[in-house]
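Naming follows writing order (A, B and C), and every chain is counted from residue 1.
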Amino acid sequence: MSRDTTYRPEASRASRPLLWIATLLAIVTMAPVAWLVGLSIKDNRELMLGTESVFRVPYTLINYINILYSSQAFGWFFNSMVVAIGQTLGVLVLSSLAGYAFARLEFPFRRTIFVIVLFGLAVPEQAVIIARHQMFNWFGLHNTHIGLILPGLSSAFGVFLMTQFFKAIPRDIDEAALLDNASQLRIFWKIMLPLTLPAQATLGIFTFLHAWNDYWWPLISATRKEMFTITIGIASSQQNFAQSEGLGFLSAQAVFASLPVLIVYMIFQRHIVTAVSGGAVK
Amino acid sequence: MSASIEITNVSKNYGTLTVLDDISLSIKPGEFVVFLGPSGCGKSTLLRMIAGLEDVTAGTISVGDQRVDTLPPGKRGVAMVFQSYALYPHMTVAQNMSFGLENIKVSKEEIQRRVHLAAETLEIAHLLDRKPQKLSGGQRQRVAIGRAIVKEPKAFLFDEPLSNLDAALRGRTRLELAQLHARLRSTMVFVTHDQVEAMTLADRIVVMHNRKIEQIGTPITIYRRPATRFVAGFVGSPAMNFIPVQNISQNGNGVAIDASGLGILNAELHLPTAFSPEGAALGIRAEDISVLPAGQSGIPLIVEVVERLGDRTLIYGRLSDGTKLTAEADGRAQVNAGDRLEIALDISAIHLFGADGVAHHAVGG
Amino acid sequence: MAESYRRSHWGHAVFVLPYLTIFALLLAFPLFWSVWLSLHKVDLFGPGRFVGLGNYARVLADPVFLQAFRNTVVFVALSVPTLVALGLFLALALNRTTRAASFLRGLFFSSSVLSVAIVTLIWRFVFIPGEGLMPLIFEQLGLQPINFLSTAGWSLFSVGVATVWWCIGLPMMLFLAALQQIPGDLYEAAALDNASPWRVLTRITLPSIARTVMLVTVIQIVMQFQLFGQAHLMTNGGPSGTSRPLVMYIYEVGFVRWDVGKGAAASELLFLIILCAAMVQYVVSTRKPEVAE
């Protein structure tokens, strides 16, 4: 590895203190999380008397057990799963098809259409959300899973990403397949698609995380409590926090709601880091 | 299974840009033909047109008795080995080799048989379950060739297949390709810019330059009797010496050439009556120039640089009027920069190039 | 026909059709529809009448909008430099191959994957008077506790802290990527030239990543201009609107008061601001890289 043998001043002794400061920052950064986890494993009645009890035994899993009995949190969790998975699959299919066509096929107005789609990257959600809300009203799509999934499919990011990935595959590969008598569909399915698996994973992970964490659209579209996503559910229970189920229960719910994204993050950390940094940081 | 390839009046334009201009060429069944030329001469485009990866703008291409320029690439019965090998990265070696056969619904047993046969031939049987990224450059190259062989094509097309290998491997693979051709007796078309590959592999070389074919001929013809000044300069290392000609006069059954720095040379050489010395040049290879032993007098040469290659010595110098000239001596020659040598030309090996670039060769050369 | 795969063909458009349909219905049409709405007096109960730029005039004359705009600008002006500086610091500190550095990189990025509702919950539990972590610490230190979430000034500050905590991962990663792109031989040459670590940083490292610094800054401006969830959930814009950002203004006008035309007008104004920033981003990102290969 050239990087190990290369002289890097950042890795030299002179920058040692930087690492210590960063470690200190990390501890400060994690303190609020530790606080939340601490609250989640304390009995609510004990917390009522004073939250400094977090630093004392006894600890309990009662709040987590209570989530099992709170049908709402599970319903929200299910909604989030449906929306996040649905949106992820939809984005992967649409972006792969469109990305392949933009990168490899010729059709009238290809460049013009691509430029228009790219322009879509610059349109923030806020610019369309009022009109979208009205449209979904016309079609009765509010408070439905489909209604929560659809807007996320319009993001141009996936198309852009997949186009870049398909373009990065050497032309020789398709030409070899053409000489191998493969049909256009077979080239797409057996050659091109498998080669973009890393890109599919990247796009899939980001779409999933984004859908799971989305706040704006579910906030205005899912107005019936049973159609809340977990993000909106958590948000709504913290807004009327005074009359809510207590700090311990809310904390446990937050930990529970974060588990899927944290699991996805831990499994795919390397992949996510590589994707964010354009492959430079392993 | 080998077939002839007939290229008739083929042209290729990209918009207003002409890449190939009215090319005609016929390749015999089982022949090994090399397209040789500098980059951008159109040789790869011509190969890709045979493969069907580029459209022909005008003209026809036939493989065997069948006109193919209107057929899709897969239906032409040709196989191609790409410069980058273009192996499918996600498939094993065996899958790479069978993919094309599966596409045309060859039976499983037959695919098995062909893949194993080709793998044995190329000594890659132990690699069949590996993926391309686990292979060395030389192994990938063999797999690419194997993928072509299993298709039992009417013709093999090679697009600079050796250029990604290191020098030692390139030499070895070149030999193996020659053996493969000897064994398969297939029609092979090979594109390269490397004259050594062309000289060693080809039955016939097609030298291309500037959208056109400069010369078609056996390696020895191309080397000994280059048709144009371009061919003469492109083939051979070091490049042929070109010495400006001042005047030419008829002289018995030959001509007297007055070339700068060489003096008057009498050569047996037939020139058309219309030949004009204006812009003409005399060509001679370094190996046809000898250094005379001390004491003998010939043409004086001031040595500027000496390159010792071991088996021979290249002497770069200037003639009395400053014209550059490269001569060759054997490996033990005692020559140093700054020396003043006397040299002689093998007059039967000279060529005369008109201003139009067309070559005229000395009789017996 | 040979080479048909490269020949222009209507049939090939089938591949883009599914996405284009969604794009047209859910992005292109709503964009135009929003503009149309912004030019009309519309409310929840029905189609309105054309009012030209009336809605825009109403928005621009609305003191609440102006306050929200000012809040947003202040927020961007404070949070973006913090994110850039902190991200750069972390990247410099963690640009090494050790296991500890890799762990810390993962840690600092991990907060980015949480949803805004979780982030705000975490920070509310830190700031909340009486029961939060900060009041506990203040109490231990014998200080007068500050009511962070409902004191003017501190509320926007708290939103900023949560935002920096949430968003620090991306700038750090982008800077790390840029640092890795600097050719190692530059550092070897500098070492042979007896350059001190400080001079190496200011003369080699920083100039080499100048373009990334620009890019990260613009990306963050675009992102932070869209501040919504943190403020909505932590302070609800309070007290008396001092922490209300632009997007929350749009939300309140469009979805709480249902003044659809005015909300649309405000959202188009925001779009214009973001479009300008995005254009700067495009120019920056397509400029030639400063480190030649």
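Miscellaneous remarks
One rule holds in what follows: a residue touches a chain if its C-beta (ideal position, glycine included) is under 8 Å from a C-beta of that chain, and two chains touch if they have at least 3 such contacts.
Only a predicted model underlies this, so the values are computations on that prediction, with no experimental measurement involved.
Chain pairs A-C and A-B differ in how many C-beta pairs are in contact, and the one with more is A-C.
Chain centres computed from CA atoms place B at the largest separation from chain A. Note: centroid distance chain B to chain C, computed from Cα atoms, is 59 Å.
As a whole-number value, the distance joining the C-alpha centres of chain A and chain C reads 16 Å. Centroid to centroid, with C-alpha atoms defining each point, chain A and chain B lie 56 Å apart. Within chain C, not a single residue touches two or more of the remaining chains. Contacts with at least two other chains are made by residues 52-53, 72-73 of chain B. In chain A, the residues touching two or more other chains are 178.
The part of chain B that touches chain A in the complex is made up of residues 51-53, 72-75, 78-80, 82-90, 99-100, 103-104, 147, 151. Touching chain A in their complex are the following residues of chain C: 5-13, 15-16, 18-20, 22-23, 25-31, 33-34, 37, 89-90, 92-98, 100-101, 104-111, 113-118, 120-126, 131-133, 136, 165, 169-170, 173-174, 176-181, 184, 187-188, 190-191, 197, 200-201, 205, 226, 228-229, 233, 236, 247, 250-251, 254-255, 260, 263-264, 267-268, 270-271, 274-275, 278-279.
On chain A, the positions that touch chain C within their shared complex are 2-4, 6-12, 14-15, 18-19, 21-23, 25-26, 29-33, 35-36, 39, 47, 50-52, 93-95, 97-98, 100-102, 104-108, 110, 113, 116-117, 120-135, 150-151, 153-154, 156, 159, 174, 178, 184, 209, 212-216, 219-220, 231-232, 234-235, 238-239, 241, 247, 250-251, 254, 257-258, 261-262, 264-265, 269, 272-273, 276-278, 280-281.
The touching residues of chain A, counted against chain B in their complex, run 170, 172-173, 175-183, 186, 190-191, 194-195, 197.
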